[in-house]
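You will see subunit A twice below: alongside subunit B first, and alongside subunit C after that.
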Partner chain A sequence: MDRAERNALTVAIGLLLFFFVLIVYAAKGLKIDLPTCITDVQPFKEGKLIQHAPNRYELHVVARMWYFDFNQGSTEIEIPAGSVVDIYLTSADVVHGMHVNGTTVNLMAIPGTVNYARYKFEKPGVYHVVCHEFCGVGHHAMQGKIVVKEVER
Partner chain B sequence: MRVEGGIRFIILSEVVFPILLLIFGVYHGVMQVLYRAGVIKADSFLGIDYYQGLTLHGVINAIVFTTFFAVAFGNAVVLYLLKKPLRPAVQWLSWILMVGGTLMAAWAMFTKKATVLYTFYPPLIAHWTFYIGTVILVVGSLIPFFFDWIPNAVAWKRENPDKKIPLAVFGVFVNHILWTIMIVPVAIEILFQLFPLSVGWVDEINPLLARTLFWFFGHPVVYFWLLPAYVMLYTMLPKIASEKGKLYSDPAGRLAFILFLLFSLPVGLHHQFTEPGISNAWKLIHAIFTFCVALPSLITAFTVAASLEYSAKAEDSSVKNSKFYWWTRLPYLRLEGDKWLFSYLFAGLVLFFFGGITGIVNASYNLNLAVHNTAYVPGHFHTTVGGLVLLSFLGMSLYMVSKLRGTDVKFKGLAALAPYFWMQGMFMFSYAMMVGGALEGFPRRTNAGLTYLNPDSPLYRPEWVGYAQLSVVGGALLGIGFVLFLVAFFGTLLAPKVRESVVEFPIAEAYHDAPTPVLNNLKGWTVAAVLLAVLSYIPPLYDVTQRGVFYNSPAYNEQFPMPLKQLQQTEAETKELSMKEER
Partner chain C sequence: MRFPAPLIPLFFLFLFSFAGAQTGGTGIPPNESRTLGNQVPDVVLVDSEGKEFNLYQLKGKPVVLSPIYTHCTSACPIITESLKKTVGLFGKPGKDFYILSLTFDPKDSIADLKRFKREHSLGKEWKVVMVKDKSQLFELLDAIDFRFATLPNREFVHPNLIVFLDKDMVIRKYMYGVTFDRLEFANALRIARGEVALPEKFRGYLFLVGMLGFVGTVIFTIVRITQLRYRRKVAA
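Right after this comes the complex of A and B.
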């Protein structure tokens, strides 16, 4: 191994280590982490939006061919800006995906399991939700909306 | 080296057969950008549904074409470098299995019995012929390795005890060792979960376990596609660049291949970052290994650039002392001899540069949340498997056909231009997909022209229009590039024979060489690779079978939102009812 080769290898390893440190910082420092294995929530059959406190919500989403059940069959929900939402997601049939555009909420819905993410909706506006995993002939129409309303002070 | 008779037919047909199928695969690639942009607003076009065509596009391009090429290329490289005859019985058995398996799976896909996409995630289920056909194809592709190449290499080693096995053969062997290992989990998934569910022996399976087993195969397979291209970059590209060209370092090449063998396998969870049922600690560990597997590619980037520098300077001594000017002395678009092949490898390398960088984004744990299953992902892998892999395979297919048929390469100008059309088209397509996906959340695998990109639909999303339109322009250029290649390919295949049929490759010598006894111990490294793969998969497999999963799932097909069994029952009941009414 000559000098040029050794330098190239050192730079490569250094760069990868640098990227990796940033990832761990984002996960542990900024708390942008991946969904993990949760074992204490049974899969549910019906979508539900539960308000625990003025700014705290729990959202049970059932993904099914071919719509998102956000709240008793509705594909659209409204919450006030600044709400922290605990999102639980399951599938009633095949594999679906749920991506809330413009956020880090990006979850797979696998039948028989429950996925989880927490997100704080700061900015008011319409958050489009699309299914991004092929789930049959109606896949391209499977979507939903989270409307975040401005709060008057 | 002369080659005649059955062996010549087998290698030649292993090149030509998948390219005939690839015509359809690429056709539906072009169709997809039209559907997605709303140029075609329909579920199907000319009898092929969007999602059926997407399944065919993935399976033909990424499984059938690549597997056939890897076997044909391996056969030819081993034959040429070890100079030992291949066994016709072994080769015929492998050929029959591969072609037969492919036809089985193709039947299922073309008759709409297997619209499950390339990843065939259950509980969507296909006709059993799709699964068994794929398994037969894969088994056929392993036979030459075990019964032809390994015995030939052992015999060669006995005759040449002090020589290292040639680097090209070394690379081909590493590739097939990886292939053998990664087949095991997906074979378990197919034979113990999907096939029994498909024929009705079991009613329910665990979909998350199936996904985990699939990605145990599904990421290593990208290195199975990539390594033949790396063999060409290391051993052939310098020689194509210049008659006097040399590979910069042979040990660096071997080190890169061994690192691929070690780190290609324990990485599959980076496709499952957004999934429930798997602890994120294991996801992070797989992310680390995915970063490790970037290392051999970075080594390759250095070695390939250094080899090209050596070759350019050997060709033209006026750039001998320049730092950068030698880049202008490479045969980017030249027609003498076999220099046209340089265009394919070079255009592929340029695309792969971006493929590598964007791949690191995918592997980056939480950064993946921004891009998972958006159009960014196909944007990324079209610069890798649709970039370097495809271009190097096409170029080498044309090269092998001209040698095996004993013909001159016809329409050489078109052949040399084709990869640049492809490169430009892929830049536009991938840029549109990646930016639209990462910044605007444009999803992948979606017939968007019917809803999101249809101005008459309530679901219209105007922010995606520009990206979809740019991808149409890219797709058109890709189509043109592929047609140019086909003209040269079939022109060469059908041209009159002017010399004898041979198997031959432009193999470069090494500039730096040294004995590498540790790296050459393939047996030892294979054991280490298997151990690492198994260890890295025990915890996630425990998670998806023991901790996170609560219920199994019955089978569905893509047409109806109810389980297949229930659907068949209802169908039988309505049939009975209508028969009663008729009476």
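Right after this comes the complex of A and C.
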């Protein structure tokens, strides 16, 4: 085998092992979850923000052409910093996407199913939510806001 | 034809890939790899009589934790009834182990607990409880990675399961479904009592062993092919 060929092979195997270690670290060390698709639930029709405990929320999002229904038609919600939010997402019409900017929340909104992710909003600020799946002529304007307010101590 | 030796680890990887598979319920199943072996937090519980006590007061005996909500009309009553049937075969609640039917609905009250206990005619030692503080409730639910979704009319989507804690309140085993197999239950109770066979202790490492086998096989195969090609080249 040519020396350059062998070097390339060694580097490739090294990289494979390196990426494998990274994947294990992401899953076990950083505890990054993959979004879960729930198929055995009737998708909800209306967006809703439910508070279960002081820092515990459940957010039902309905993506429609061309807005996100976060809470009874509202495209903007407010939660205190440090809140853990269970995000459930479905679509009322076509396939949409939902990315909460600056977070690891990145979900597909698919009619007939519910997608789920959990996120803890630690930092106060405005988190812009965008649709990242082309969904028609109003796609570029499809956005929402999650306002995370600082908690006064 | 001889079975190619390098493929043996691959074969084991294939076998082990089934070891982690679990039967799911509805909703989002817990991620056992993150919870098994962890201690649950010491929360303040309130039983159906309104009596407050700490979860850690039950230390010393295994605990069977059954997350339910009291006005459930589908899975929770079935879970409770089949648990009642199965538990009777293995001893008395309160004496050999504790049974806690824990409501996860943050809006449930003591009256709801009382009604649930009466409806299912649960014995005196079978505790139907709620967590006093809502934040603490979610600490406990997070510890067992129990997630639920709210539906209209205070209904919930939730995984159907029971959790076995050992005498030190460490999560040892999950059982899924609305009915409970006797053998499986006996096995879970044995694990919660700490009577674990040696192979079971190494179960968590099976994936790693399989993965090492796989990586080893790949490297071995590449090295062999390289050697062969090199020899052929030299011979030529």
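Here is the rule we use: the second predicted complex is superposed on the first by the 149 of 153 C-alpha atoms of A that agree within 3 Å, B and C clash if a C-alpha of one lies under 4 Å from a C-alpha of the other, contacts with A are read in each partner's own complex, and residues count from 1 in each chain.
Basically, contacts are C-beta pairs under 8 Å (C-beta built on N, C-alpha and C of every residue); 3 or more make two chains touch, one makes a residue touch a chain.
Keep in mind the model is a prediction, meaning the values are calculated, not measured.
Aligning the two structures on subunit A places subunit B and subunit C next to each other without any clash. In the superposition on chain A, A:Y116 makes contact with both subunit B and subunit C. Of the two partner chains placed by superposition, A:A81 touches none, neither subunit B nor subunit C. Judged by the touch definition given at the top, the superposed model places A:T36 against both subunit B and subunit C.
Residue contacts after overlaying the shared chain place A:A8 against subunit B, while subunit C stays out of touching range. Taking subunit A as the reference, the larger set of touched residues comes from B, when subunit B and subunit C are compared.
Looking at the shared chain after the overlay, A:R56 reaches subunit C, while subunit B stays out of its contact range.
For the overlaid pair of complexes, the smallest distance between C-alpha atoms of subunit B and those of subunit C rounds to 8 Å. Subunit A uses residues 1, 9, 13, 20, 33, 36, 38, 42, 114, 116 to touch subunit B in one structure and subunit C in the other. Listed in rising order, the residues of subunit A touching subunit C in the complex are 1, 6, 9, 13, 17, 20, 28, 31, 33, 36, 38, 40-42, 44, 50, 52-56, 58, 60, 84, 86, 88, 114, 116, 118. Taken together, the subunit C residues at the contact with subunit A in this complex read 26-28, 31, 33-34, 106, 134-135, 137-138, 147, 149-152, 157, 211, 215, 218-219, 222, 226, 229-230.
Those residues of subunit B that touch subunit A in the shared complex are 43, 49, 51, 54, 117, 121-124, 206-208, 211, 249, 251-252, 272-280, 283-284, 287-288, 291, 294-295, 298-299, 302-303, 306, 360, 364-370, 372-374, 440-441, 443-448, 450-452, 459, 461, 512, 543, 547-553, 556-563.
Taken together, the subunit A residues at the contact with subunit B in this complex read 1-2, 4-5, 8-9, 12-13, 16, 19-20, 23-24, 26-27, 32-39, 42-43, 64-66, 89, 93-95, 97, 99, 101-102, 104-108, 110-116, 128, 130-141, 143.
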